[in-house]
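Each of the next two complexes has chain A plus one more chain, namely chain B in the first and chain C in the second.
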Partner chain A sequence: MNETFLTITEVIMMPIVAFIIGLFMVLMMRKLAARIQRRIGPGVFQPLYDIVKLYGKQTQISHGLIHDIGIIMAVGGYVAAVTLLPVPGMNGIADKGGIITLTYLLMVPSLGLALGVGQCANPNGSIGISRALTSMLAYDIPFIIVIFGVATHFSSTSLVSIIAAQQVGGFGTWGISEMPLLALAGLFALHASLGKHPFEIYVAPAEIATGPMVEMGGKFLGGLFVMQSFQLYAASVLYVSLFLGGGENWVTFLLKCFAVLIIPFAIAYLFPRYRTEDLVRLMWKWPVMLALLGIAFVMN
Partner chain B sequence: MKKSDLDKVKIKQIPAQKRTNPFANVFDEFVGFCRSRSMFMLHYCTGCGAIELPPAMTSRFDMERLGIQPMVSPRQADILLITGYVSIKTLKRVILTYEQMAAPKYVIGICSCTVNGGMYWQSYATAKKLDEYFPVDLYIAGCMPRPEAVIEGLQQLMQKIKANEANSWKQYYKNYDYFLGNQQHLFGNNWQTPTDVIGEAETYQLAGPNTLGEHTKILQSVQTPLKPLEMKL
Partner chain C sequence: MNTLDALLLISLLTALASGLGQGHRLIGWITALLFSLQFVAIMVMGSLGYGGAVVEASISLSIFGHPVSWRFDGLSWFFALITIGAALASSIFAAGSWAEDYRKHGGKPGLLQFAIALNVFTMLLLLASGDLLTLFIGWELASWSSLLLMMVAGGKAKNFALRYIVYATGGAMAVLAGLGIIFQLTGSFAYADLAAIAPSLSTLQIVSLSILFVFGFGIKLGLMPFHLWQADAYAETPGPGAAFLGAISSRMALFAIAVVLVQLIGLVKLINIEIPFTFLSFRDLLLWVAALTIIFTTFTALRQNDARRLLAWHGIGQGGYMLIGILLLDPLGSAGGLMHIFNYATYQAALFLAVSAVIYRTKTADLNQLGGLVTRMPLTFLVMLIGIIGLAGIPPMNGFVSKWLIYRSLIVEGMPLLFIATVIGTLGTILSVYKLIHNTFLGQLRLEHEQIREVPWSMLLPMLVLSTVVFVTGFMPGLVLDWVVAAQAALGIPQVAHHLGGIESAHGSLDMIWISGVLFSGFGIGALLFYSGNKTKHVHQLDNYAGGHFLTADTRYHYTNNFYAGLMHYIGSWYRNSFQWLESSLVSVVSLLSGFTQILFHSFHPALFLLITATLSLYFFAG
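Right, the complex of A and B next:
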């Protein structure tokens, strides 16, 4: 009974913690972009102001029931996913779910967004979401290979035991030092899954007017802003759990999470973006080759 | 529709209610503060004033430190920034854009052309005063105003929002008949937009005695219901 109560508390606490950390990740992204462009950048609470303002809009334009449900699916997919990601002191339902359930849940938000955008009947939105699903197809191939490689190496699909196995011998037993090729391929897939430059094919503000977000105003865009902070958190925590030994305590855990995100953000604001077919060709060539080579070493 | 039917179209008016809960007031102030610190800007760059916006946004003056970001879709935006003269053809698009934005929405007219027509005063094809066609919160005069002036104006708007004075968007619902009359004067009596402003005014309880009038009667007599676009390959 006591254990059940503890699990329920953790399942409630984990999304809240994830949201707060995610807000700071969004802030870091915007600050980093500003510093790269020699600007000052937004204030500390800017991501929060944006979300509160969007939810505080007085006229909300909905395009129908599926539009609302799509956004709930997009946010809910990530909320469910973060309860499967162990953080220091809180395992949630990570030992029951495992890495394969997590992989499924990480695809739900894109599909939810596709549902929601489908009802808007805006051609820019349709083009955007078709691009988003194409890019998901592109980065999921290396991502799945990386996941299977890591699971094979540690002979487990439970994130809790993967993290425990990495924490035994310090840096020497971290995923990144035992499987560097898989870690590199995983970084590629992480960057593409965040949808930042040069893989930002589906937002493309100058071309298709932010694609899936084009008809989203008010609380819908607020929901997407919430989703973005969850997305950054989920992607970085998953990478830290697979390759950087998870978190021994909150300080090292947060340091690792933010450090992982600095790499794609620092690259993102220096480059223009690929075309859709170039992205698919790139993702199915280099990260897949790296990941297959890495998996060959793992199986050896 | 017969004329006698049109007279029956009446909007139910609900008197404004004061919020008595003190926490609600604190919450409202917090939301107002967030509104003033986070403004998404849709810049409708019609004229030469557009050239002053890139320096205001980029590293020299950096609007983002005030929470002002450019957005590309009217659904996402809070501020409609009109930078220069508005020809009659453009004005139609500006009104369509304005009506699609989610309230609270603010309009800023930059350059003297939006104030009184500027150097296009004698042009037959240019709308002279922007606030005859939809409410404008702030004008930034100048030909063209420098980026400092643009940012100064935006900061004034921030103060207005914080003090809960930037409510001109409600005027569009309350005085819709007046604005629609001016629009019909330019575009002819067949003018209609995809947004059902009267319906929105009723839904959000923003209708006033001047929402309906002779011009909305003309609108309702010519209005054809919107149909979904035909799908073609």
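Right, the complex of A and C next:
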């Protein structure tokens, strides 16, 4: 009973922590973009202010119940998913569902968003979702190969034991030094999964008027802001857990998490975007090849 | 008279009653009532699902001196439960308003009920088979009765059904040949005799037996390259019939493969047989056939514009998961494969019924002529939503659990490429089911559908019950895993250790009670956040604009056609109707072979033909 109580406390704590860290990740992203574009960028609390402002807006247009539920699923799915990601001192329910469960649980928010956008009956939104699902098909294939490689290497699908195995011998036993090819392929997939340039064809503001976001205003957009904070957090913590030895303590953990994101952010704001078919071609070529090669090494 | 006798008797009665009472107005409800009696009977036999003793039927006959008998074990019970459950749901759906509407449009609902009842009876006979002869008889009866069900609609459906029976006859010949070989070797049709000589079979004998049986049974399962008949034949069957066929009919092949290949001959030998000049074992070959079945049919489904065909194509692909699971043979994988049969039946039946409900109201299943129905038919939408989450294998529905077991087992067994293949299948499924629900229920509502109402309760009830099962068995997979373990025990393969919430293992566990619980708490937090924001203003569904222009409802702008245009830009050229090409080349090969044998036998030299045949069979049985 005591253990259950502890788990419940952790399950409540982890999303809060994730949201706060996620907000700072959004801040970092916007600051980085600003510096690359020679602007000053937003203040520390700007991501939070944005969310509060959007939730408090007077014009809140809903296209029906599924539109609302879509946003609820998008936020709620991430709130649940981050409890599967161990952080220093808290394992949440990570031992009750490993990386396969997490991979599929992370599809729940996308499905929710897709449903909500569908209900809006805006063709631009639907086109955006069709592109978003296509790019999911594109980056999930290398990602899933990476998952297989990591699970085989550590002979476990539990993130708790994967992290424990990496922390045994310091940097030498980290995933990235034992499986560099998989780590590289994983970075590709991570970048594409964030939906930032050059993989943001599904948003394409000039072409399909921001796609999925086209009918989202007020707290609907606010929900997507919340979702983005969680998304950045989940992606970077997953990468850290698979390849960078997880978190020994909060300081190194946070350092690693933010460092992982700097790479895709720095690349993102320097490039235009790929077309859908080029994105698919790219993701099915280089990361898949790298990951398959990585698996060949892991399995020998 | 024991419970098995009672079950078979009620099942026979159901078929007779629905057959004789064709014209009667209440025949649909009477059949449904009789089906629920069958369901009660299968529940009374429930101990079989928890490792109870085998139930023997008291009737046993003797055909040409060979004793034939029927009995139920854990495996038969598991399949029979799904069969009767699917039939019950379909028959309730088909009993009320649906039947009236169907009759009004020239259909014969009584005939449909009779065809379903006959299918159930013959399938139960197959599942109860106690020896190879009854297995074959049951197999043939089930094949022909599903032909009847496919032909009920008449018209185009007849052609598709005939195509099916051509394939099925080919399969039956292969099974018959396999039985002939076994009879030559053992001199009887008893399971025990085959199991007894199985260890001493030569490699050639095992390979040819396996090929014959996998080919023969696999045709019904829709294994590539013999899958072309299935989607059309199932899709053209009237709604509830298609739900029944899609849910369970082709899974009889898995039962037969499990009994003959896994239980009697033993898969371990297939693992040890290497295919010359490759690094594959014979089992790997079968696994790859199943994996390719998953990928190709799923991506064919992605291109369908008819909701029923889309589902039917997915049905073929999902069969691949089950076969992979069973062939994996380890506790996790085989549990996943068997459990997937149950899970798949629940959501596939629900999905087919939901599509039938849409057809009932709109008279079309064309995915380019629907849209926006969510406000008109919210409960049907909910059923389809739960169904597609199950079909796509996303938590918290049951489809995720069985697929998880298969993925997990593929990782443990170290089969990366198969693992990737199964995941590619799942990702393709996600794309395609979103298209299904988007084009039907989301997006723009057509003006002619503005007055549509939800379907009546007689149709809603079976759909809602099925989706509840999809959800509950996803929340507590242990309920089904108990039965799966009994089936594994009946097959004599290692059993999976499990608890109510899932699997406990040192190398990665799954506890769906926690995961679903946390997921729904997450939704709760999401809802709290959402409703704490400022009040929303709901706009009317037809009040819309796009690209800065206000659009009136008579402008059609629902984005449906070529839904994944970007993807098709890249992979579209890979399709090229290669399946049709494959089928025609199969036909050419068969006709060439038969022509060749005919020439050899009739005009060339009968004696030489006999000599070749005799030498080959001597070599086979002696070597």
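One rule holds for everything that comes next: the second predicted complex is superposed on the first by the 300 of 300 C-alpha atoms of A that agree within 3 Å, B and C clash if a C-alpha of one lies under 4 Å from a C-alpha of the other, contacts with A are read in each partner's own complex, and residues count from 1 in each chain.
Here is the rule we go by: a residue touches a chain if its C-beta (ideal position, glycine included) is under 8 Å from a C-beta of that chain, and two chains touch if they have at least 3 such contacts.
Remember, predicted model here, so these are calculated numbers, not experimental data.
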item	value
Which superposed partner A:78 touches (first chain B, second chain C, both, neither)	second
Of chain C and chain B, partner touching more chain A residues	C
First (chain B), second (chain C), both or neither touched by A:43	first
Contacts of A:300 with chain B and chain C, given as first, second, both or neither	neither
Which of chain B and chain C A:218 touches, first, second, both or neither	both
Chain B versus chain C as contact partner of A:209, first or second or both or neither	both
Partner chain in contact with A:121 - chain B first, chain C second, else both or neither	both
Which of chain B and chain C A:2 touches, first, second, both or neither	neither
Chain B versus chain C as contact partner of A:93, first or second or both or neither	second
First, second, both or neither for A:59, with chain B first and chain C second	both
Those residues of chain A which chain B touches in one complex and chain C touches in the other	56-61, 121, 209, 218
Sites on chain A touched by chain B in the complex	30, 34, 37-43, 45-46, 48-50, 52-53, 56-61, 121, 205-206, 209-210, 213-218, 221
Contact footprint of chain C on chain A as seen in their complex	7, 11, 15, 54-66, 68, 71-81, 83-84, 93, 95-101, 104-105, 107-108, 111, 114-115, 118-119, 121-124, 126-127, 129-131, 133-134, 136-137, 140-141, 144-145, 148-149, 151-152, 155-158, 161, 201, 209, 218-219, 222-223, 226, 275-277, 280-281, 292, 295, 299
Chain B residues within the chain A interface of the complex	30-31, 33-35, 37-38, 58-59, 62, 64-65, 67, 71-76, 78, 100-104, 200, 204, 228-229
Complex contacts: residues of chain C adjacent to chain A	371-372, 374-375, 378, 381, 385, 389, 393-395, 400, 404, 407-408, 411, 414, 416, 419-420, 423-424, 427-428, 430-431, 434-435, 437-438, 441-445, 501, 506-511, 514-515, 518-519, 521-527, 529-530, 532-539, 541, 544, 546-547, 557-559, 563-567, 569-571
